[in-house]
Amino acid sequence: MDLGTILFFGVLTIILIVPAIMVVIASKPVHSAMYLVATLLGVAVLYLTLSAEFLAAVQVILYAGAVMVLFLFVITLLNPTEGEGPDPIRSQALVGAALAFSLLGMIAILLLAGVLRSPFADYPPRPPTWGDNIQAVGAVLFTQYLLPFEIISILLLVAIVGATVISQSRPKGE
Amino acid sequence: MIAPLWYYLIISATLFTLGVLGVLLRKNPLVMFMSIELMLNAAGVAFVAFSRYLNLVNGQVIVFFILTIAAAEVVVGLAIIVAIYRTKANIDVDEINTLKG
Amino acid sequence: MLFDYLWLALLFPALGFLYCAILGDVFPRRWAGYVGTLAVGLSLVVASAGLVTLSGLPEQSQAQSSVLYTWIASGKLAIPFGLLVDPLSITMTLIVTGVGFVIHVYSTGYMADDPGYARFFAYMNLFILAMLTLVLADNFVMLLIGWGGVGLCSYLLIAFWFERPEAAAAGVKAFVVNAIGDVGLMLAIFLLIAQLGEIEYLKAFKAAAGLPAGGTVITWITLLILVGAVAKSAQLPLYVWLPDAMAGPAPVSALIHAATMVAAGVYLIARTHPLFEMAPTTMLVVAIIGAVTALFAATIGTVKTNIKRVLAYSTISQLGYMMLALGVGAFSASIFHLATHAFFKALLFLAAGGVIHALAGEEEMAKMGGLRLRLPVVYWTFLVGALALSGFPLFSGFFSKDEIIAAAFFSERGGWLLGLIALLTSALTGYYIFRAFFLAFHGRSRTPDEVAGHLHLPGLTMLIPLVVLAGFSLIAGYIQFPVAGFESFLQPTFAQAHQPEIGGINYWLIAAISATASIAGIGLAYWRCGQEQPAPAEFSAEGWLRRLLLNDYYIEHLYRWVIVWPVFWLGSLVSTIVDPIIVDGVVRGVGGYTRIGSRALGVFQTGYLRTYAVAILAGVVVIIAYALRIGLQR
Amino acid sequence: MVFIAPPPVDIELLLPLLSVTLTAVVVLMLGIFLKGRTGPLLAGLSLLGLIVTLFFTLRLWNANRAGFSGMIVGDNLFVFFAAVSLVIAGLAVLLSTSQLDRPIHDAPEFYALMLFSVVGMLVLSASTDLLMVIIGLEILSIALYILTAFARPRLSSEEAAMKYFLLGAFSLGFLVYGTALVYGATRSTQFATIALALRLPEALNNPLIITGLGLLLVGFAFKLSLVPFHMWTPDVYEGAPTSVTAYMSVGTKAAVFIALLRLLNEAMPSLRPQWALILSVLAILTMIVGNLAALSQTNLKRLLAYSSIAQAGYILVAVIASGRLGLEGVMYYVAAYTAMNLGAFAVVIAVSKDDQHVTFDDLAGLWYRSPALALAMLVFMLSLAGIPPTAGFLAKLYVFSAAVQAGFLDLAIVGVLTSAVAAYYYLRVIVAMYSQPPAGQPTVRVTVPLGVVLVVAAVATIQLGLFPFIPTGEQSGALLALLSGAAGR
Amino acid sequence: MNELNFPILSWLIFLPIIGGLIGLAVPRSNPGALRGLSISLALINLFLSLTMLVRFDASKPGPQFVEQLNWLPTFSIQYSLGIDGISLTMIALTTVLTVISLLVSFTAQNSHTWEMTVFTLFLSGAVIGTFAARDLILFFVFWEFMLVPMYILVVTAGGPNRSSAAMKFFIYTAVGSLLMLVSILSLHFISASLLGRPTFDIDTLRKAHLPYGVQQWLFAGFALAFAIKVPVFPLHTWLPSLYAEAPTPVLILATMLVKVGAYGFIRFAIPLFPEAAVAYAPVLAGLGVVGIIYGSLAAYTQRDMIGVLAYSSIAHLGFITLGIFAGNERALQGAVVQMFNHGISAGMLFALAVMIRQRTGSYELSSLGGLASRWPAMAGFTTLAIFSAAGLPGLNSFVGEFLLLSGAFQTRPVEAIIATIGIILGAMYLLRMFGRIMHGQIGNGRSFPMGDIRLIEAVTLVPMAALVIAIGLYPRPLLNLIEPATRAIVSTAIERPVASLAQSVNHGE
């Protein structure tokens, strides 16, 4: 692994993780949303480095684009101007944080051990055999994953119906 | 340019944990929700990394499905949050605890 | 079989009982008395027939078993429902039916005005049935039926006037104390079954002969039988129920608590004498209990002022005599005294009953006096009874008691100490019975005028039995004559027993001393109580000795403190603390902690979304930790 | 241009899915065109669609089809659970029509969502691929999130929906991450392939697989509300409209348990010691906590929520035990649980004055007000408590038999002891009905659909208890082989 | 099929249950129809059980009137019925007490007669089922189901604390019986491997000679369930509270409920786990003796009739427990006889308690007294019942007690002696109660309008009184019925294991 790669990934790590941290700690939701966009874009870059161009594109268009717009829309709709109030269950949050960090530690150890024992974790990996990424994805998607592909449309239908029915305003006391 | 597998996995674990932390620490359901998106993305990173190193494209397809699921969830989740806001004019999750015991 | 008709003796009282119990209040009340009396009379006839049949048999076959059916059969154990006819049982049967019949007749008059007339006769007939079962049983378990039955009737009749709390309590006391005896007897039977496997008398005696004489087993068996006898015959230390039992009507006291039931203990030991003879230790215990009880009860009798209680202690004392006789091996003498005592003590109770009846239920001698002229027949018959009891020469008690005293002195199992106690008791007997006699019949009347003015004079149905019993009290002693007639009649039963042979000069010497002693006692009684005004101390509780005696040497208190109250305290402890708080407390504690656990879980259910998320995360961490442990192992 | 060969489409296998989806769409469309009180009509239409689907489903009996490159399978297990799911949905539709004084707004959407959730359940029952499991679960869950909120603008309903939704999404994160790890370790998300990969020791020894398994189990445990992933359950059950609560308390369990059963036995039989241990701990916790927490409840809906948590614990015991008895035990228990729990909720609906707070007071003196209803509730409570001769008893017998046979004596003992605790709160319900005199409650009106549900549930509860019908048929070869292999061990 | 070509046992079980189901449909407003229905069903059942008594061949070994169906083949559970002398005795008694219980509940004017009638029928069927079942699961089904009608009876028609009492009863017994279920299942699977085929049939299971260590655990599971039901001290506390709250007419039949526990020991726990039973016997016999003394002491200080009767039941069941675990045929036979006798005498006392309460409105000993003068016939019946319970020689209980104690004396003398002493305590508490009720004077100012025993009441009391006397004087038929069964149990389940244990000890040395 050359220095450039290291530098590249070092920078990428920073632009990925720092916004992710900011998502969690930013006091205003709108800031969190913006940081999330940054993280999502970072993830898209990661996808690119893994030769998943199609996914990277989807990530940018669907996620950073559509989903985050929806988020921002709702944030502006609700417009929670003041920040969050005092935490009524602060001690519990601390317990949660401790648990989360221990989880991180354990998962990290397990993943590293897993990588070490994996027969396929050679670096650098062989170049992908699937050729053109989009074509390959499409081929798999419409053969092997045909059924999920169809069924996920039902999921989207459910989401649409649900979202409309639930966000309709209705006079109280009806 | 590609990093070793462990790098992707550590990034993914970190993102995942940050997502978990967000759910635990924040009171605003919108931010909690964003944190959950972080968790799903972490899984996506792991999938794609494995996919690349296993030299199998189906991992990417699965991530595609996960993205779709996440989108559907966002739609519904935001609708629910909006509905609550309509009823209560407040969406702080700690203020919404009439159900307990 | 020869005696297959004898079960009729049981049947008649059973039918009488059923009539009185079920139909007694349906048909005219008087009929109950007639039916009841008739039933006992018929039993008497059957018993007499039995006597005739038995006398016609050769001596060696004078023990006949007549089995009705097998009552219980379990494995190797078979318990027949059978009657054993031998001189002893026929004697007892005759006493029971004879005295019983007379007392039934008496009761038709005595109880005439009682609302529970039919009930009374039902109980009485049931008693006769049970008592006959007891004496005629040919095995231990059937004996136990009779034994329990008489206990039941005793309870019912003592508590006959159950509206009176003291009567009800006395009944309970009698039954419970007797239950102790029952338990002793049952344990004896268990031991017999376990050791010998036989419960029929004759077979058991034969089998017992194989046991080592004086050994532990036979000693325990006899001691346990003795517990039963002591309870039933009101011996120390289980005598306490009998004085209280006087709460029942006078005929009951006469029949059950003087003539028959209380003698069952004596009968039992006489019946099982082959076993007792093999256990010298027990025999000694029997003798000592008898002697001590005789003296003990006689001393108490000297101070009591309730006429029936005096007679009750007298009964205890006389039963002590019989026990003493059994203890020294003079079984025939004991049964002889049992027979004479049955007559004269029944007489005394009935006479006392006449007094009580006349005085509308008054039993305290402090309210009597001077009845000599008002109740002449009662007076004279009571005198006969008192003389017989005190062993006045030529009255029945004289013969029987003297035999016992002589045996106590001269039997190989006796001794001078036992003899002296018996003699002393004899003197005391003369004193206490004549004290009562004088207090009741002589002197000035202490009866309140409104009672004295309306004396219930006894009718013929009451007087005739008195006279009849007085006659028997006079002559019963002579069945022993000319030459030990009664003893030879009983001989088949006691053939194997080593009875003391006391005759000649020794016997007559003792008779003379004893008679002198009792006459001295009578004299003392006359001196103290025979005047117009009896010694004032008689009706008060002055002086420590008198208090001691009036309180039965504080034995009642002892029982109360050592047994009655501890049981009650323990029971209360169990009912109020142990059961609801400790035993159930554990149960409720488990329930309570479960509920506390439940509430504690409710506390975690805060309603905060993030709490739930933390719980989920905690679960995840635990699972991942497990994965870490497993995953890094290999 | 690369030509992609069209994959074979097994239309018969798809027919159940298609017919439910079609019904849902028709209901939605009709809702647009029809005005006024469309509820009964749409309910009837939904029922019809469900019955048709049931017909298509039952036709697959003994067909043993696998299709769509191993994404789903149409074995008898599928047929059984799909049928149960359809029956559940049918009864739930009937229940929902009976909340008359609380009309369901947006009836078309309501019934459509219910039918869509059935699609999710069918997918779950059939799926043999983790991706399909996730998709099925999401369809089911999203429909349920919205159905939970259907009592809005009641705040508790919306609060329940939000809690359910946020925690559900949270748990989805774990599920997906677990899937990723399993994928990384075994190169596949398909059960059969995973099982194949796990035969190799290097895959078995990979810490990724055990981590992935753990995270997957978290996802399942959340949906099954196993302790400690259960805490949403009481709140959601209380807040949701009662008919929805009834529906999800039984429907989710049926569908998720079959998916779990397949995952464990078809994909990870070689990890049996590990998952058995994890699940044992969860089962013990679930049985204890569920039953204990139910003790102090006064709201019947919460009580039944905890009860359903505990019942899931018992079913889980059968899952852990596996083997023939375990498999049949899960099937039987789910069927029995469906009957008795739906029945209990039907009674709750009948007596409740208020959709959220249904207390013991609402039941007071029911025995004198409406003996038939009280008797029905008696049957359901006894069955839930596991008293013979009801289905609940045989269900527990199945579970404990399976546990004892497989050597999980500890589970059996915890199970019986907690059952005794459970008897307490079920009996409290009975006491409320039978012991107290009525205190001025109105007489209970039982509508026809509700009556149908009650009769069906009560008859089924007793009928299953006396003469159980366990349609094993010719089991799908692979699963049964695996199961018997597991039992033989 | 069986001796009669008629599934008589099934009829006995299901006739009352079906009757109960029909009864549920009879409206409250029509009590006459329900009474007629229930009493006629109970009488038919009585007739059926008498038919069985006549047709039963005591000399034949093995179960009779056998019925067998494959009920749940998946579990190899059979619907398998059959009776021996012990079962028959208990079933006959149950049918008798059912009739009496119903009649008494009719006489007691109670607003809950409807419930009492209907659920008494269910209870009766379930109890008969437990006595007839020869398949462990079938037994368990009846055993558990038995709780339900009893529970409902208490919560509908019980006293003021009915809920908690019924709850304690249910949970307490459920804990025991569920652990028994685990034992049953373990037995099933362990013996399946020993026998080569799975079964719940007790006769087959007996042939699987389980290792001693296994037996110990399984026996413990069974013993706990039965000990709670009996109840054996210290597991008895559900009983006094239940009796205090339950509607009293029902208790007449409920006396059979506790017999099922004792029956379970005899039928299941001992024959299935003979070695373990022998090993545990000293403990259980000892607890039985403790129960005698403890129950008697508590009964002595109770404030009301039902309390006395409840603790008296504990004491009496202590005798039975001792008899069962004396390890002696005579004692076992005595225990069975006592099970029968206690049903009668306790049933009679409960019936009388109902009648007294109906006339005086109270069970409180302190508010009663002097009733004998008001109602002599009732006093007479009470006397008989009391002395029957006290074990008076010549009455029924004496027969059982005598056999039981004399048998126990041979193998466990110390326990037997203490138990015999317990008889004294029995006399104490029973006579105390009798005296407080019947003796003394009627409290001032109280007047009781009702008369003495009415005809319908006499109809309930006379048969029991007749049995009390008849069994006291001629117990042979009963003993003949029981003896082959007890002998079979003792010879296979007690004598042999004792011998084998002794042998193993010898080998060990």
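A, B, C, D and E label the chains in the order they appear, each numbered from 1.
Just so we're on the same page, a residue touches a chain if its C-beta (ideal position, glycine included) is under 8 Å from a C-beta of that chain, and two chains touch if they have at least 3 such contacts.
In this text the structure is predicted, and so the values were computed from the model without any measurement.
**Q** Which chains sit in contact with both members of the pair subunit B and subunit E?
**A** For subunit B paired with subunit E, the chains in contact with each are C, D, in label order.
**Q** From the centre of subunit A, which other chain's Cα mean sits the farthest off?
**A** Measuring from the centre of subunit A, the most distant chain centre belongs to C.
**Q** Based on CA centres, what chain would you say lies at the far end from subunit B?
**A** C
**Q** Closest chain to the overall C-alpha centroid, by per-chain C-alpha centroid: which is it?
**A** Looking at where each chain's C-alpha mean falls, the closest to the middle is E.
**Q** Could you give the separation in Å between the centres of subunit D and subunit E, each centre being the mean of its C-alpha atoms?
**A** Taking the average C-alpha coordinate of subunit D and of subunit E, the gap between them is 43 Å.
**Q** Centre to centre, by mean C-alpha position, how many angstrom separate subunit B and subunit C?
**A** 96
**Q** For subunit C and subunit E, what's the span in angstrom between their mean Cα positions?
**A** Distance between chain centres: 36 Å.
**Q** Give, as an integer number of Å, the spacing between the C-alpha centres of subunit C and subunit A.
**A** 101
**Q** Where in subunit E do residues touch at least two different other chains?
**A** 171 - these are the residues of subunit E that touch more than one other chain.
**Q** Mark out which residues of subunit B touch at least two other chains, giving numbers and ranges.
**A** Answer for subunit B, listing residues that touch two or more other chains: 16, 20, 23-25, 27, 33, 44, 49, 54, 58, 65, 69, 72-73, 76, 80-81, 83, 86, 93-94, 96-101.
**Q** Taking each residue of subunit D in turn, which ones touch at least two of the other chains?
**A** Subunit D, residues with two or more chain partners: 131, 135, 138, 142, 145-146, 149, 152-153, 161-163, 166, 170, 174, 181, 184, 205-208, 211, 234-235, 421, 424.
**Q** Could you list each pair of chains that touch one another?
**A** According to the stated criterion, the contacting chain pairs are A-B, A-C, A-D, B-C, B-D, C-D, C-E, D-E.
**Q** Which residues of subunit B touch subunit D in the complex?
**A** 12, 16, 19-20, 23, 29, 32-33, 36, 39-40, 42-44, 46-47, 49-50, 54, 56, 58-59, 62, 65-66, 69, 72-73, 76-77, 80-81, 83-84, 86-88, 93, 96-101
**Q** Subunit C touches which residues of subunit B in the complex?
**A** Result: residues 20, 23-25, 27, 93-94, 96-101 of subunit B touch subunit C.
**Q** Flag every residue of subunit B that touches subunit A in the complex, lowest number first.
**A** Interface residues on subunit B, with respect to subunit A: 1-11, 13-18, 20-22, 24-28, 30-31, 33-35, 37-38, 41, 44-45, 48-49, 51-55, 57-58, 60-61, 63-65, 67-76, 78-83, 85-86, 91-92, 94.
**Q** Give every residue of subunit C touching subunit B within the complex, in rising order.
**A** Residues of subunit C touching subunit B: 602, 605-610, 613-614, 617.
**Q** Sort out for me which residues of subunit D touch subunit E in the complex.
**A** Answer in residue numbers: 325, 328, 367, 371, 375, 378, 382, 387-389, 393-394, 397, 400-401, 404-405, 409, 412-413, 416-417, 419-421, 423-424, 427-428, 430-431, 434-435, 468, 470.
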